[in-house]
Amino acid sequence: MRMRIIALSAALLASSAVFAADPGVTDTEIRIGDVNIMTGPASFIGRAVSLGSKIAASEINANGGVNGRDIVIVTEDDGYVPSRSFQALTKLIEVDEIFALNGTSGTANVLAMMPLIEENNLPTVVTTAPNELIYNPVRPSVFTIGASYEDAFFGQLKYIHENLEPENAVYGIIRQEDDFGVTVEAGYDRAVREFGLKDGIRLHYTRGTTNFATEVAQMNAAGVNVLANGAIIAGAANVLSEARKLGMEAQVAAVWSENMPPSVGLSAPAGYDYLVGDYVALTGPAVDEFLERARQYVSEEELAGLNRYTYVTYIGLKVLAHAMEQCGQELTRTCTVEQLRQIRDFDTQGLSGAISFDNDEQLSGTAIAIYQLNAADKTFKALTDFVEY
Amino acid sequence: MEFLLLLVSSGLVAGAAYGLIAMGFALVYKATGVVNFAHGELVMLTSYISFTLWTTFDLSFLPLMAITIPISMAIGLTLERAFIRPMLGEPVFSIVMVTVGLAVILRGVTIMIWGPDPFNFTANIPTGIVRIGSVPFYPAQIYLIVALAVMALAGWAFLRFTRMGVAMRAVADNETAALLVGISVSRIHATAWMLSSALASIAGVLFAVNYRLVPDLWFQGLKSFPAVILGGMDSVLGAAIGGIVIGVIESLSQGYVGQGVREIAGFIVIIIVLMVRPYGLFGSREIERV
Amino acid sequence: MRTGHFKESYGQLVALSDSPVAWSWAGFGIALLIAAPLVAHNYFLTLMVAAMIAVIGAVGLNMLTGTTGLISLGQSGFLAVGAYTNAILMMDYGWPVLLSLPAAGLVAALVSLLVGVPSLRLKGLYLAITTLAFAFIINHLILHNEWLTHGPNGIFVSGAKILDLEIQRGRPLYYFVLAVTVLVIVFALNLQRSRIGRAWLAIRDHDIAARVMGIDLVRYKLLAFMVSSFIVGIAGGLISLQIRFINIDVFALILSIEALAMIILGGLGSIAGAALGAVFLSFLPEAIRYVFALFGDPNSTVYTTYVYEIRGISYGVVIVLFLRFKPDGLIGLWRDARKYWSNWPLAY
């Protein structure tokens, strides 16, 4: 019996050396992994991310798949906890045998998966966490789409400085105490240095803070009238509502999560027409066209949960599929990575700037468009085109 | 001076929320000896229910609470019957763990029913700014402070003067002796859960109106622990006072020390207080005989 | 059927076990664990490693909470201290893992003194919430001392080697963690039957009475804090080795509550119980996933939207049901089963 087990496993090992060099690809399908926030308070982001993959996959499959193979998305929940992301990706690699990874959750979550990604040379497109920690140092199989928060905030402050020209401008920033907040402050820092802005106050808050009354009072006392609001969702709304209470007149720059409909619903009542910088389109024909296509593949109910994160993963999977298509029938991870590296000016039909990975950081889509909210009717209008900062 | 007043006022608002949540903890602890780890979840669940009532019937605050509170009490009673009552006679520790399991369930159920999206819940409370002296307030913030004052007073009167309240203190004092003099301990337990849920709903609605309705509202339960401990776990009035004290200290420490200290200020305070008074400021001291 | 079982000397009374059956079962169990990687799937090994780390953490917590009766919600804080110590010493100071891992335990033990001293007078839930406060504060300090901990950026942990063998993945990691687990369990069992263990039990049962018997409360309570945190710190170090990246989000406060759930579900005060509880809760999400895969209709929308949430709820339901119907935990279940077999065919 024991001999048989050994023989069997030896045979398995031998066979795996020949066939399973690149798991996840059969004659009819390609399995693409998606590790995502499907539970807990942040799951509306994860669901939107998932939706993007789903729309892209349905669209690709309806048009004949990738060289005849259908794309199958396998989703795992990580609840936004890095240790669970690690476990989830282990499962996707070992049990579901995915070929590549498209949906990724937050920055720390991607970092926790990074050793596994590198070991398996897993082609990975990171779209939801374009943080410098992801692409510096560059990992051979990891490709990042999206601008950093640094660029997003620099772009907004630049716009405010050059176009809105507030009188006696005093700038102030409030940002989260984590990797994301650090990049927000980097953008603020750069704007302060380059334009010689008056830097009134810098505040940090711990994730999960709900009460910002003190911070806003400090801002007010420092005379801030240009506010770089690095708080997110309910936090951002609470900052603005406190600011309104103190009667602060201010131009506000916000994080791109503040263009999602639920965030707007929370923040708009404070009445600030805040700016956001984003690397995907929020308005215009590209978005309308996208919605029209999306309606063919997903229900209205699912579409209600659509937001910017849907566009970014949609773009991510389209790029990945394009690279896989270039490999022809002999689809391998090495080839896919090679093809991804050669992508130049991939057209996203206006959903973002064109995608090119042929740079040292394997980073693209870093162009930012600035939008402004109309708090009265909760719509955004584009102030600038996609610009590199 | 202006700045100090602002800090104190915002500390009062946050502290009132802590106090209301902490009173719910203290009430159940007093009557049953169990720390209800699901209390934060109860706060969240009842405020979501209230939100649905509000969007459906478009009620203003008082009528809304008039419907929300009985529903919340019914939920409290149901949870007590379904989860806690069957555990009667088991070690306190096991019952506490049941509330931990219950917390996990309630969190999931809330997101399943209402989804993870945050909501803007105004309960038709006006949003114009009111000034008291030079300090600006939103009306909802004043509602929160008033609610704490009213509930603290009502809680004190209930425990002091009503038959049920006195019975509850008797049970807290000595459960067996209370049984012997004919008090229905199980009824007292159920009442404590009902009243605690009522407090949870008041805290939940007003918290959500002030700080938005989000599915991590339950975390305020953990954040209110310093208030419960500071007041002494079995003192309902102490919890209310503890909430206010913690709220103001947090606000001041953030204002004058800064950089996120607020999030741990309450916990630092209770460590210091407990070193001096191991039963909190108003908690009853247990005297043991060997 | 066994009739009488007499212990005639002190040595017999405190022996780990005088039953050859128990010894051979333990040997069989270890042999099984050693053989497992030869046949088991890689993902299963990953889960096993996570479960064994949980066992170490639970055994450590059990020493404080189960044996000494000091309820702690500070587990996540001590795990974080252990993980960060191991990561910083390995990556920033180039220590070999065989030194950095015990150091992780030591630092956690020292930090526990800071918690232990102010907590000496506290009991029950007051103590629980004070330890929770410490966990909050530890997380805050880690986040705000970037010069040491890399603050919000987290730390990659790689290149742990023993005699040139990379031990952070696959079978080497499994065997390494298995060895540490066995060591910790043996250490805990031995400690429990010593003077120290019995002193702790006396403190749990009644601390004033224990003092009357001549047990130095300060010393033994602090010792319990230190030994427990040492073990938990090592578990934290192992977490950093397995995941290979740590930041503060890995050590959420919920870990403390899960750890308590483990030792209570397993059966409070028993080392075997703590281990069983840890394994049970570590595999519960997988078991629930499996059940859902069997019965779920993957095409219904309700299912796809809510499956993850429902899985979470099931986790809570299992805990509640277990406490309701088996309040003395898994170890109670085991004892009942054992009694049933050794008394069979008689009912009792």
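Read from first to last, the chains carry the letters A, B and C; within each, the first residue is number 1.
Please note the rule applied: contacts are C-beta pairs under 8 Å (C-beta built on N, C-alpha and C of every residue); 3 or more make two chains touch, one makes a residue touch a chain.
Predicted, not measured: the structure shown is a model, and the values here were computed from it.
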item	value
Topology of the chain contact graph, where touching chains are joined (line, ring, star, complete, other)	complete
Farthest chain relative to subunit B (centres taken as mean CA coordinates)	A
Result of counting contacting C-beta pairs for A-C and B-C, higher pair	B-C
Subunit A and subunit C, separation of their C-alpha mean positions in angstrom	36
Rounded Å distance between subunit B and subunit C, as computed from the means of their C-alpha atoms	32
Residues of subunit B whose C-beta touches two or more other chains	108, 111, 259-260, 263
Shared interface positions of subunit C, touching two or more other chains	140, 143-144, 309, 312
Shared-contact residues (touching 2 or more other chains) in subunit A	39, 43, 47, 177, 206
Residues of subunit B defined as touching subunit A within the complex	3, 6-7, 10, 13-14, 108, 111, 115-120, 122, 127, 129, 136-138, 211-212, 214-216, 219-220, 251, 254-255, 258-260, 262-263
Interfacial residue positions of subunit C with respect to subunit A in the complex	38-39, 41-43, 46-47, 50, 140, 143-144, 151-154, 156, 158, 169, 239, 242-250, 252, 301, 305, 308-309, 311-312
In the complex with subunit C, residue positions of subunit B that touch it	29, 35, 37, 83, 86-87, 90-91, 93-94, 96-98, 100-105, 107-109, 111-112, 222, 225-226, 228-229, 233, 259-260, 263-264, 267-268, 270-271, 274-275, 278-280, 288, 290
List of subunit A residues in touch with subunit B within their complex	39-44, 47, 177, 203-206, 208-211, 213-215, 217-218, 221, 233-234, 237-238, 241-242, 244-247, 262-263, 265-266, 269
Subunit C to subunit B touching residues, read off their complex	71, 118-119, 121-123, 125-126, 128-130, 132-134, 136-137, 140, 143-144, 206, 208-209, 212, 253, 257, 260-261, 264-265, 268, 306, 309-310, 312-313, 315-320, 323-324, 327
